[in-house]
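Here subunit A shows up in two complexes: once beside subunit B, once beside subunit C.
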Partner chain A sequence: MILNRIFFVSLISCLALLTGCWDRKEMDDLALVLASGVDLTDEGQVEITLQIALPTGIPSSLQSSGKAANPIVVLSAAGKDSIDAFDQLQQQMSRRINLGHRGVIVIGEKYARQGFDRILDTLLRSSESRYNSYIVTTYGTTAKEILNSPYQLELIPAIGINKLQYNDYSLSIQIDKFIDALSSFDKEPVTGAIRVTKHGSKQQGFILDKAAVYRSNKLVGFLSGDELKAFRLLTRKFDGIHLTTQMEPPTKKQKGTISVQMIKAETNIHTELKNGKPEVSIYFKAVAKVLSNDTNMDLSKTINRVEERFSEDCHKAIMGMLSRTQKKFKADIVGIGREFHIQHPYVWKKIKNDWNMRYPEISIQLITDFRIERVGRTQAPAQLQEN
Partner chain B sequence: MIRKQGIPGKIKQKHKELEYTTEVNLSDNLDENKAALQQAFSNCDDLVVRDLHIFGVLPCVTAYLDVLVDDTLWDNGLLAPLMLPEKIESDNPAQLIEQIKNKLGSVAKPEIASNLKEIVQRIVKGDVILFIKSSSQALRFSIKDQLHRQLEEPSTEAVIRGPQIGFIEKLHINMALIRQRIRTPYLKMEKLSVGSISRADVSIIYIENKAPQTVIDDVKQRLAGIDMESILESGYIEELISDHPYSPFPVIQATQRPDLVSASLIEGKVALLVDGSPFALIMPITLWFGFQTVEDYYMNFIFATMLRWLRYLFAFLAFALPSIFVAITTFHQEMIPTSLTLSLAAAREVVPFPAMVETLIMEITFEALREAGVRLPRPVGQTISIVGALVIGQAAVQAGIISAPIIIIVSLTGIASFLIPHPGMSQAFSLLRFPMVICAGTFGLFGVSAGMIAILIHLTNLHSFGVPYLTPLAPFNRSGLMDVLIRAPWQIMHKRQNKR
Partner chain C sequence: MKITGLQVFWMITIMDLGMTLIMTLSPSMQSAKQDVWISMLFAGCLILLVTFFVTNVTVLYPEKDLIQLSHTILGKWIGKVVVLIYLVQWYTITPIVLRQFVDVIQIMILPETPKAAVMLIMLLLIVYTTHSGGIVSIARCSEILGPIIILMVLLAMAASFNNIDLKYLLPVYADSGIGGIAKGTLAPASYLGHSVEYLMLASFLYQPRKGAPYAYWGVITAAFFALIAMLMATITLGVNILPKMWYPFFEMSRKISLFGFIENFDPLSIVIWVASVFIKLAIYLFISSYGTAQFLKIKNWKVMIWLIAPVIMVFAYFPTNVSEATSNYLMNYWVPFALPVNMIALPLLLLIVGKIKQKKSKSVSH
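Here is the complex of A and B:
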């Protein structure tokens, strides 16, 4: 009985051990890709750029004595499609390309304008790609240049891009959201847009201050400044948004501005069908706190005026943004179609195929309601006390 | 439930000869008795056989083992009164014996023995035998020399709060330690002898009406089934009566603490004390018993609950941490946060071995260091720990043979295994991490989960004297969990015990 059992156990362990560790990949045999970029070459090929971490270049207590090596290596290769390009890259590398830690995917502007389809499948199919990596589009440059530009604050530039997106300082879109918008009729995708900055003569870096707007799978334009803020407010990505308004004409002493920080923003989109045409009314409600007051106003008495002014500003910015997406981009990036889909599911079925055509024509009503909850001070500002 | 206590036939026959089995009655001839005794104890130079005349006139023979007898008691308590001249009241042997017994009173608990086998067994235990002329009965006196050490706190189960006393190697002192705590006639202590050459006294202790009769009978039956020449430590019995001697998990708890034994008895468990061993055995136990200490019940219940969870957590780490580390770093790198991956990869950069081999090397080294530390005399033991920590840890990392994270993992696992209070349980968990590491190195997290499932299946199959090993978790018993998931305050636990 016991002999039988021993025989059985040894058979099982032979089965287990003879196959070997076939899926094993030691960490020092991996090329950890932290960011990848896609560009279109002049010959119409796909050019893949990988930013790969070099563990030896990462300073640790053991290697502190030696001179600091570069912690990254950036490689590019062009091919017929992305797999072909990856193959060419792999042939230069002694370590296996591992996409498990890819936090950022950079899409070159040229490539984006030409259309997305050729790399989409590679993004979706590989089990190594993660759905929570961020996707950004370049503005006025190529992905290769972005990935080659150094970044002072982080050891590895890709981690810099990743953190910029993670902290929501600008519009940040993860690949699952992007693909969701890309694959549905009722919404158009947007991504953050990145461009190279030059500090002084040599120092290079990048900045994420725009949003790239897509129509179906093609890049159609960029949103920036107030329009980007309005878009973020409307889609509730309001973390860290500051608004500034001119309350009084500037004097010698004061600029006459008030700045607020958003605490809360709510958007209710109500859709109706009138005479077979969709009509949309958007109710936007925001709550903010005052950050600075460079005017002669005592906010404890005149808060209503300030609220009204901000409400007008928001109305203006949001309407401006919406009309731009309607007239210029013809892309429903706010997701009005999705609200319509939810509120009128049966009508949607009939119009979903030409929603793209209908969106620029629909009339949009906007009501804004802006409240300031915290003045932020217990006393009047010093310049008021002076008077 | 009851298993056969098998021992190969050859040994059985051999020790049958050795065993002194002659059920011979004593003769009424002094010389014959003397000769029989001397034959039984041939080559035993510590056997003293002396002719003497008690009461000045009556020829007698005493026999005892010199080394076991208390000399002062023998001289003053026994010999002195017997050697005084006195008139012999009757020639009838029975009346004579009665007279001697009266003379000595209760000094040495005189008792009658008439069978050579009994006498031999008694001498071995330290009794003095007095053969009387023309009597086929002999008297025996128990004046054992009480060789034992001082009562002191058990070093393996030290507590900060609680009685600072532990069992010693003397059975009757250990029994007294329990009697002192549970003062009731319901506390039963039944004595048995186990072992054919060295007859070890074993005491079965339980509280009547609290301990289930089935368990008591089961214990007795298994003890009766033991067929061994000698029982030198309770560890023999633990293995011989265990339900699952082939499992790494202990199904019987060994402890040196009388308060733990008493508490277990009150909970309705059965305890065994073995003469010559300072370790009492408690049965039946569950897995959770290995994670509880007596001190849990002496301190604030909130803190005790925290300590329990700390132990559960570290017990999990003790057997799973190295394997999870190996699995994740060799199969599932994407599960580690990016910055951690980079520093782990940087540490691995110069290391020549795969992570699994590295882990196994360090785990084996750690176990070796631990064993060396236990065996070596205390002053040298410290050197070992310094050599182990500094030389092996620091130098191996600097030489690039082992990566630093592995050192962290292995030392954490080592500390974790010391957090499990029951040594047997701790051994089980430390042992299981080796197969787990191999599972992890071959199959990744799939192997780890398969290994864990295998261990769980094994645990659910274990029984300790009829009690499933995972009670009260499986079979589920909500009120029982009060003493497993938390250490409930006494007011609540007391109610629960009374209900039962």
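Here is the complex of A and C:
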């Protein structure tokens, strides 16, 4: 009996200890990919660029003196699809490619315009892929160039992109939301757009200041400036958005601008069916606080006028953005189709397949309501000379 | 071998919850879409009905288990046929569960580990548990593991709270319709239907007559947690992606991202989920060994373990790929046959015939 037990225990512990050995991967046998990029070569192949962290290149805090080696390696290879390209890359790497830490996927503009294919499926199929990787599209450059450009704030540029997205300074989209939009009939995908910043001839890094608009799986254009802000406001990704308006004509002492920061933004989309045509009314409600006031107005008394002005501004920006997505992109990125789907589910079944074609034709009404809740510590600007 | 009511509660809860959570969300969602929670409600109600049959059957002859019951109630030959039908269920579900378990491990966390290694460990574990104390050691294990599994489910859901988008639940009903919802009910109902194994467990209770509430609560708990877990998965990842994934609940825990450093939560939830597979497999190994031994009139049922364990291992190799193991078995045997026959018709038959017999014998004795 005792022998029996010893036999059992030893057998089980043997197996328990050995399980990890089949697919064990040591840290220094892994190439930890922090960002990958996709481009289209002139021959129509997919070119994959990987930014790989080199743990030995990252200086520890103790080792302050002496120049550390470059903490990243950037490699590119082209192939028939992503796996083929990965094979080409693997052949020049002594370490095994590991995608478990990939935080950013950069899509080259040229590739995206031709149509997002060949690599899409691997984004979720592989057990190493993660939902929380961010997806960005390049603007006026290639993914390869983005991944090769230096970034001074972070040791590893990919972490820079990741943090820019994580902090919501601009539009940030994770892979699952992108694929969710691709796979549904009622909305079109968007991603943040990244470009290289240059000062003179020197490359400085990158900036994420646009949004890439897709129609089905093809990139159709970019939103920037007020349109991007309007889009973020309307889709409730308003964290950290500042709006500036020209409140008064500029004078000698002041330029007449007021800036606010968004506190809250709410959108109610109401859809109706009139004569077989969808009609949409959007109620947009925002709450903000004043950050700067370069007029000679006393905000404690004139807050209503400021609210009105911002309300008009928002109205203009949102309508501008919507008409651009309708007329130019023909892509329902706001998800009006989704609201229509929810509010008229049975009609939706009939029209969902050609929502793409109908979207540019629907009429959109917009009502904006802007509230300023706080104005900061001062009422009138403190620097004003009183008469 | 005697067990307490609370242990039965945990055994039924774990047996039902673990697999329902992982295996049935996708097939159910493919037809019921965002209304999967309604399907789940129906499934829960259906299985409560099954549990009603089952518990009432066991009360007829509290000291007897399924094998003896069907002999007593249905006579020698029909009884044998009924027992055979159940044996087929047990002999096929055990390898399938083992195989599904290996598939999960390979797809989600250990893609390169050979199947045999994962299987062998699990098999040795259940053989050891079953052999060492039969149902008693399994019951004690489930008493300990049960709360941990529930805690894991709650934790995974709580950690997903920042990812939810309630609009994924809309529009209610319109997209799927009654047909879709009904079809979506079948898969979770068939997995929750493991409460029929109560027929085997009841006779081991200290007080078999008082076991019914524990069985009910076991089913209710499992159905409830499966329901909110499905709801949670629906509103985190949405109806566009989830029905295309094999294991939506793990996908939900994979989406978890907290404070920028807690990410890829799934290994933890998988490891704890393994506990529920372990309990399930151990119970099946026990009841198939014990049942076969009784069926063949073998005195020492533990001998059967050594016979059945290798059979399970071999059978688990039969499915050539993941869809054969996960969807084909479910859609071709478990839902169309096991659910209506093993879980609804046969318990009902036992109940009706048993009641009539008892009334007759009572009227004879008076």
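In this section, the second predicted complex is superposed on the first by the 362 of 387 C-alpha atoms of A that agree within 3 Å, B and C clash if a C-alpha of one lies under 4 Å from a C-alpha of the other, contacts with A are read in each partner's own complex, and residues count from 1 in each chain.
Basically, contacts are C-beta pairs under 8 Å (C-beta built on N, C-alpha and C of every residue); 3 or more make two chains touch, one makes a residue touch a chain.
Just so we're clear, the structure is a prediction, and the values are computed from it rather than from any experiment.
Undergrad: Clash or fit: subunit B against subunit C, after overlaying the two structures on subunit A?
TA: fit
Undergrad: Contact-wise, after the overlay, does A:E26 reach subunit B, subunit C, both or neither (first, second, both, neither)?
TA: first
Undergrad: Of the two partner chains, subunit B (first) and subunit C (second), which one does A:R130 touch, if any: first, second, both, or neither?
TA: In the superposed model, A:R130 contacts both subunit B and subunit C.
Undergrad: May I ask you to decide whether A:A16 touches subunit B, subunit C, both, or neither, giving the answer as first, second, both or neither?
TA: A:A16 contacts both subunit B and subunit C.
Undergrad: May I ask you to decide whether A:K237 touches subunit B, subunit C, both, or neither, giving the answer as first, second, both or neither?
TA: In the superposition, A:K237 touches no partner, neither subunit B nor subunit C.
Undergrad: Angle at subunit A, subunit B to subunit C, CA centres, as a multiple of 10°?
TA: 50
Undergrad: Contact-wise, after the overlay, does A:Y166 reach subunit B, subunit C, both or neither (first, second, both, neither)?
TA: After superposition on chain A, A:Y166 lies in contact with subunit C alone.
Undergrad: Based on the superposed arrangement, let me know which partner A:R358 touches: subunit B (first), subunit C (second), both, or neither?
TA: In the superposition, A:R358 touches no partner, neither subunit B nor subunit C.
Undergrad: Name the contact category of A:P55: first (subunit B only), second (subunit C only), both, or neither.
TA: After superposing on A, A:P55 lies in contact with subunit B but is clear of subunit C.
Undergrad: Figure out whether A:K316 sits in contact with subunit B (first) or subunit C (second), or with both, or with neither.
TA: neither
Undergrad: Which value, in Å, gives the least CA distance between subunit B and subunit C in the superposed three-chain arrangement?
TA: 5
Undergrad: Would you please give the residues of subunit A that touch subunit B in one complex and also touch subunit C in the other complex?
TA: Overlap of subunit B and subunit C footprints on subunit A: residues 16, 19, 23, 100, 130.
Undergrad: Which positions of subunit B touch subunit A when the two form their complex?
TA: My answer: residues 329-331, 333-334, 338-339, 341-349, 351, 354-356, 397-398, 404, 441-444.
Undergrad: Quick one: which bits of subunit C touch subunit A in the complex? Just the residue numbers, please.
TA: Listed in rising order, the residues are 107-114, 117-118, 120-121, 124-125, 128, 167, 170-171, 174-175, 237-238, 240-241, 244-245, 251, 254-255, 257, 260, 263-264.
Undergrad: Can you list the subunit A residues touching subunit B in their complex?
TA: Interface residues on the subunit A side: 16-17, 19-21, 23-28, 30, 32, 34, 53, 55-56, 58, 60, 62-63, 98, 100-101, 103, 128, 130, 156, 159, 162.
Undergrad: What part of subunit A is in contact with subunit C in the complex they form?
TA: That would be residues 8, 11-12, 15-16, 18-19, 22-23, 100, 124, 127, 130-132, 166, 176, 179-180, 183-184, 338, 341-343, 345-346, 349 of subunit A.
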